[in-house]
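Note that chain A is present in both complexes that follow, paired respectively with chain B and with chain C.
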Partner chain A sequence: MESVRRKDVPVVTVLDPKFKYEVAREPGGENIKYCFQCGTCTSGCKVAELDSKYNPRKIIRMVILGMRERVLSGDFIWLCATCYTCHERCPQDVRIPEVMNALKNIAVREGYIHPAFRAQAELIAGHGRLYEVDGFANEKRTDWGLTEIPQGCPEVAEIYGITGLHDLLSGGAGGKV
Partner chain B sequence: MLQDTGKEPRIGVYVCHCGLNIAGVVDVEAVRESARFLEGVVVVRDNRYTCSEVGQKGIADDIREFKLNRVVVASCSPRLHEKTFRTLLEKSGLNPHLLEMANIREHCSWVHYDNHEAATGKAKDLVRSSVARARLLQPLARTKGRVLPEVMVIGGGVAGISAALYLGGMGIKTYLVEKEPSIGGHMAMLDKTFPTLDCSLCILSPKMVEVAECENIKILSYSEVEKVEGQVGDFRVQVRRKPRYVNEEKCVGCGDCAEKCPVKVKDEFNRNMGTRKAIYIPFPQAIPPAYVIDEHNCRYLTQGKCKICQAVCERGAIEYDQTSYVETIEVGAIIVATGFQPYDPRGLPQYGYGRFPNVITSLDFERLICADGPTYGKLKRPGDSTVPKRVAFIQCVGSRNEASGGAEYKIDIDEEMGSSAGSRDPKAYCSRVCCMITAKQAFMVKEKYPDAEVYVYYIDMRTAGKGFEEFYQRGRHEGIVFLRGKPGEIEEQEDGCLRVVSEDLDSGCILDLVFDMVVLAQGLTPPEGLVEFAQKMNLSRSEDGFLMEGHPKLRPAETAIDGIYLAGCVQFPKDIPDSVAQAGAAAAAAAVMCSKESIEIDPLGPVIDDKLCIGCKLCEMLCPYGAIKVELTDKGPKAKSIEVACKGCGVCGASCSTKAITMKHYTDSQLTAQAKAILEVV
Partner chain C sequence: MKMAVFLGCTVPVRNLSYELSAKRVAGELGLELVDIPDFSCCGYPVKSVHHETAYLLAARNLALAEERGLDICTLCSACTSVLTEVSRELATNEILLDETCKSLGMLGRQYSGKVKVKHFVRVLYEDIGLGTIEKAVKRPLDMFRIASHYGCHYLKPSKIYDGFDHPEAPESLDRLVAATGAFPVDYRTKKDCCGGAILGVDEETALSMARAKLDDISNRGADAINLICPFCSVMYGANQRKIGAGLNVKYDLPILYYPQILGLAMGISHEELGLMQNPIRPRALIAKIS
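And now, the complex of A and B:
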C-alpha cells in the first residue's frame, strides 16, 4: 500500500483487494465481509471510549478496502480488550474480537508483534509467568509454610519451541511494531 | 325533485373539524357563527367529522326538518368527499348538484398552519363565498353514457403486457399498442433480474407468447397513439400504424432476408454497440415474430434500387408499398403504461460518458453481459475489447441531484451515440431501482470473473424489497467493495483506464484508484414525449415529470380522469414486481369500469344560446378536445357542442365574445357571486 498525505487526510492509491479474503480464511475472520459499517461496535466499545486510536469499525473498513500494511503494522489491532460487547451487538454477526484475533495471528506471522506482547512473551519464557518471583517472595512463602516457586521454567521454553513462538520472537522481521 | 328550484334558497352550512386537521388551526366555532346570518342560511353546525355516519345523518335530518334545498360543506377537498355528500343529497331527495364544498383544509388550515387568526379569517371568506354560489346552484340532470367493454393498453413493456394478460384473461377485448416493432420494453433488454438472477427474457418471453396467443388481445405493434377523444366508457383513440414493409401474417421470421440484406447499421436494441441489417428483428424472441424494414436505411426505400429481401423471401412477405395510416379504435377504458427512458449521463459531463469509451451505463452493461448482446455475453470493455479486471460502479447518476448538472461544460460529444439514451437533466428524486441494478451487475461481474475487483460508489444503499437486503449482503460476502462517497469526476488515462478519486467516508481516506471500466447507474426519467402525450390525454404530471396518480395512497393506479389508469414506470420509477402489481391494479380498475352497462356522466358542458351565437368560431378554435363545432343551420352558422368529446374545461364559455355560451354548474352568475363574496369586506 502506497500512501501519501494530503492536508492531513491520507490519500490511498493502491489497495490490496485480496486482503479481505485472506482475513476471511483465517479462523475468526470468516464473517468480516458482511460488515456494512453501521458503527454499533465502536459505539459501545470501552477501549474506544478511552482511546480513539482503537475504532473497530474503521479497522474492519481498512481490511475490506485492502489497507494491508497499515492494519498489520498498526498497534491498534492489539488494543482490543476482548470484552465481546461488540460481538454481542453486531447486526451482521461479524464477531469483531475474533476478527482482531485473526488479524493478530496474521500480523505475528508477518513479524509484526506489539512490543508489549513481546515483553510479556519474553517474561513468560524466562520465568514461566508474567512476573519474576524473587528470593524475598520465596522467603516469605517459606515463613508461611508454602513451597518455593521455581525461578525458571524450562517447560515453557519447550512449548515455545514446539508452537513456533520461539522462532517468531527471534525471527528476523520480529519487533517491527 | 321537490324543494329544488323556484323557491327561496334554504341553505345548511356544515363546518368540519376534521379532528384537529382543521380545528387545530381554524377556530371552527367562529367560522360556524360567521355563516349563521348569511342570506339564505337556515341552519349552521360544526362536526368533528362531517363525513362520518353521525355527521352525514345530521345533514340528512336537517334536510328533512328544515326543508333545506342547498347544502354547503366546509371541510376537505371535493376530490375526497364530494361524491360522499352528493350521494347523501341524492338519498335525501335533493339533486346532487345542489351541494357546494368549501375547502378549508388543503386550501386553508394545512397551508396556513402557522397563522391561526388569518386562517380563520380565510375560512370565513371561503364559507361566505360558497354560500353565495350555493344560492344560485341549479339542479342538473345527469346523462347516461354507454360503456364499451374494451380496453386499450398503451405501452407493451412488462407493465402493459401484464395488464393486457389480466384483462384478456377476464374475457375483455384488449388492444395492446406498442411503438416499437416488438413488445417487451426495457425488460427485454435486461440480462438478469434482481434479486433472484432469473434470466429476464426467460421469464418475460412466455408472457409475450401468451399475449400473442390470447384471443382477446390484439397487438398493435409499431404503432403510436395520436389522438384521444371522448370520455370514460366511450373513448375514441386514433392510432398511427407505421409501415413495417413486411406482412406480419406472412412473415415466419426465418431471417433469410436479413442474411442477404446488404445494409448494416448500428443496433439500437444493443445500445448501438453492435450492428443489425436494414431489415431486422429486434431480438430473437420478438413478438410479433415478424421482421421490419428500417425505412431510413433500406437501400430500396431510400435509393430506389436493391429489392434483395423481396427476392429471397419465399413467403412473399415483403411489401414495399405499405404506407402509414391511422386506425380509430373505440374503447371504454385506457391503461397508460408507456414506461420510462433511462437518464442520459451526457448531462453530467464530469463522468465522461460519450467521451470515454470505457465509461458505460447500466443499460449498456446489460447488453454487454447478455448472451445475445454484441459480445455474446463476454464482458469486454468497448474501448479495446479487453476483459476488464477492475470495474467500478457509480450510483445515483442523474438521480438525487437537485442541480441542473454540468450545463456550463459544453463538450462536443458524439450525438449519434445512444440517441435513445434519454433525458439529460438530472432529477431530484431517487430512481429506486438503481441500487439493486448495481448490486446485481456487480454480482454478475464477480460471478463471471471471480478474480475481478469490483467497487461500488454509493451515497446510500437502498435495498428495501423482498430478498433485496439479503442480496446486498451476499454481494458483500462475494467480495464486492461498497464505498460510501460519490466521486466528483472521472479522468481518462492514455491506456483508456479511468482514474476515480473519492472520499471513503467510512475510513476517512481519499481513494485515488484506477479502473478498467466504469458503469454509471443511470436513473429513470419520464419517457420521451410524455409532456405532449399527457396533453393529448388531458392527464396531469407530478413535479417529477411522471404522470400523476389519482391519489398517492388510495388510487395509485388511477388518474384524475375517469377511465384512464396507470401501470408501471410512467407513474414513477419502479421495479418489475411493482410494475406487475400496479398493472394488476390498473387492469382490475379498468375491468370494473368496463363491466358496467352504462355510466352516469356529470352534465358539465356548454349550453349555447342560438340567439346570441354569431358563429364566430372562436370557441371551435380554442377547444382543446374538438368538442365544439360551428355548423350551418337555417338561422346561420351556430356553435354546437359534441357532448361525448367535451371534458367541461370551460374554455369556450370563457372565450365567447357574445356570452352565448353558459357552462353548466359554473355559470357566470354563480362564479361572479362567489368572487364578489370572497372580496367582500366584513
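And now, the complex of A and C:
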C-alpha cells in the first residue's frame, strides 16, 4: 500500500467535496455528517494516546473536507482497535469505529488494503477460519476429550465468490487490490 | 438449558483450556453446550475489508444454529459482537433479511431470523444467575485477589447488548468473581482495550496497550487476571514474556479464564480445568489452593 504523504511536501490535494456522501452511503458510514469536531473520540482513544498517526477526529475532518485520496491511501485508517470507547461517548452518534470500517471497505475497493488484513481474509477463505485446524491440532483436541473440527469449510470460499471479495482479492473482474 | 457453542477461530486452536473449562462448568450448572462442527469464522476479521462478506459469514453461522433450533453461546467477545449485531439486524429488518436469504439460498441454506446470541459469561450472569453460582461453590477462593479484564466487545457497542452491564462502569465480571469467594481487584485501567485488533498493523502500539494494564494489575498485587476473550489472552498471556523482555521486566501474572476460576471454586481439579495449559502456568496459584 502507498505510504502517507511526507510531511515536508507541500500538500495540494485535489479535494472531492462529494467524498462525505460516498462514505455516508457505505454501511457504517451513515452518520459521518453529524460530526461537529468536539474531539471526544480522540481524547479517549488509547491508540491515539500512543501513536499520533491515529486521530479519529482529524480523519473525520479530512473526509468532510474531501481529502479522499489521502484518507483512503493512508495507513492510519487501519489503526482503529475497534474498542468502541468513542462509539459509546460520541455526543453525535457518529459511530466512529463503523465509519473507519466504511473507509477501509472503500479503500479496499480502490486498491488499498493493509497486508495484515489481506492475509487474514485469505486465511479465512482457505481454511474457513483464521487458523488451520490440522491433524495435529485435532489430535490434541481428541486427547483432551474435545470434538474434532473439520479441516476447511468450502462454503466460506463460496461466500467470497458470491459477494465479490474473491475477485477483489485476486485482482480479477474489476478488483484492484 | 441447551445452546450451540460458538468456538470461533482462536479458542479451538490456541485456548483449549478455555473451551475445556467452559464446557466442564456448563455441564455442572445444567447448561448443555452443543458443538456444531460446520461453524466457520464469525466474520469479524473481514468486517473492515468487506462488509457484505462479514455479514454473510455471520448469517451462515446463525443459519446453522437455527437448523438445530438452538441459540448461540459464544466464548470470544469479537464473535459475540458481530454475531449479535447481525442477528439483531436480521430479526428486525425484513428487507435485509430477504437480501441475506437470497445469498444464503445460493449455499443451500436459509434463515428466518430467530437465533439469539450471548457470551458464555453473560449466560452465567443473566440466565444461570449469581444465586445458583454461589450455591455451586464448594471451595471459596477467598485466598485470591483477581483483577477482571472486561475487554471491549463483551460490553460494547452497548446498544446491541440491552444494557446488561454498563460500558463505563461495568460490574458483571467483578460480581461473578466475588461469587466464587475471591476478592475482585479494582484498578485504574480496567476499561482499557488489550490492543489485539491492531497487533498486525502496529505491534509496538498494540503491545504498549497491553503493557499498561499488566503494569497496573501487577502493582495492585493481584494473583491473576480474569479473561473472557481468546484474543485478550493472546495479548496478556501469549505475549506477556515478549512485552516484559522488551522492557527488561519479568511479569508473572497468571491469566485465568472465568470458567477456570468458577470451576476451581466448584471443587473441580485444576487438571480438569487445564490450568497448566494456560499461556502463563499458574504454579503459585495452584500451590496456594492445594
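Definition applied: the second predicted complex is superposed on the first by the 154 of 177 C-alpha atoms of A that agree within 3 Å, B and C clash if a C-alpha of one lies under 4 Å from a C-alpha of the other, contacts with A are read in each partner's own complex, and residues count from 1 in each chain.
Definition applied: contacts are C-beta pairs under 8 Å (C-beta built on N, C-alpha and C of every residue); 3 or more make two chains touch, one makes a residue touch a chain.
No experiment lies behind these values; they were computed from the predicted model shown.
With both complexes brought onto chain A, simultaneous placement of chain B and chain C is permitted, the two fitting side by side without a clash.
Contact with chain B, but none with chain C, is seen for A:Leu65 once the two complexes are overlaid on the shared chain. Contact comparison for chain A: of chain B and chain C, C touches the greater number of residues. Shared-chain residue A:Glu88: touches chain C; no touch with chain B. In the superposed three-chain arrangement, the CA centre of chain A forms the vertex of an angle with the CA centres of chain B and chain C, and that angle is 110 degrees when rounded to a multiple of 10. By the document's definition of touching, of the two partners only chain B reaches A:Pro17; chain C does not. Of the two partner chains, neither chain B nor chain C is touched by A:Thr42.
By the touch criterion defined above, A:Tyr34 reaches chain B but does not reach chain C.
Annotation: superposed on chain A, chain B and chain C show a minimal Cα-Cα gap of 22 Å. Within the complex, the chain C residues that touch chain A are 7-10, 12-14, 16, 19-20, 23, 35, 37-38, 40-41, 45-53, 56-57, 60, 103, 106-107, 152-153, 156-158, 167-168, 191-193, 195-198, 200-202, 205-206, 208-209, 274. Taken in their complex, chain A has these residues touching chain C: 26-28, 46-47, 50-51, 75, 78-85, 87-88, 95, 100-102, 104-105, 108, 113-114, 116-121, 124, 128-131, 133, 137, 140-141, 144-150, 153, 155-156, 158-160, 162-165, 168. Residues of chain A touching chain B in their complex: 6, 9-13, 15, 17, 20-21, 33-37, 57-58, 61-62, 64-67, 92. Across the complex, chain A is touched by residues 453, 461, 473, 476-479, 481-484, 504, 506-513 of chain B.
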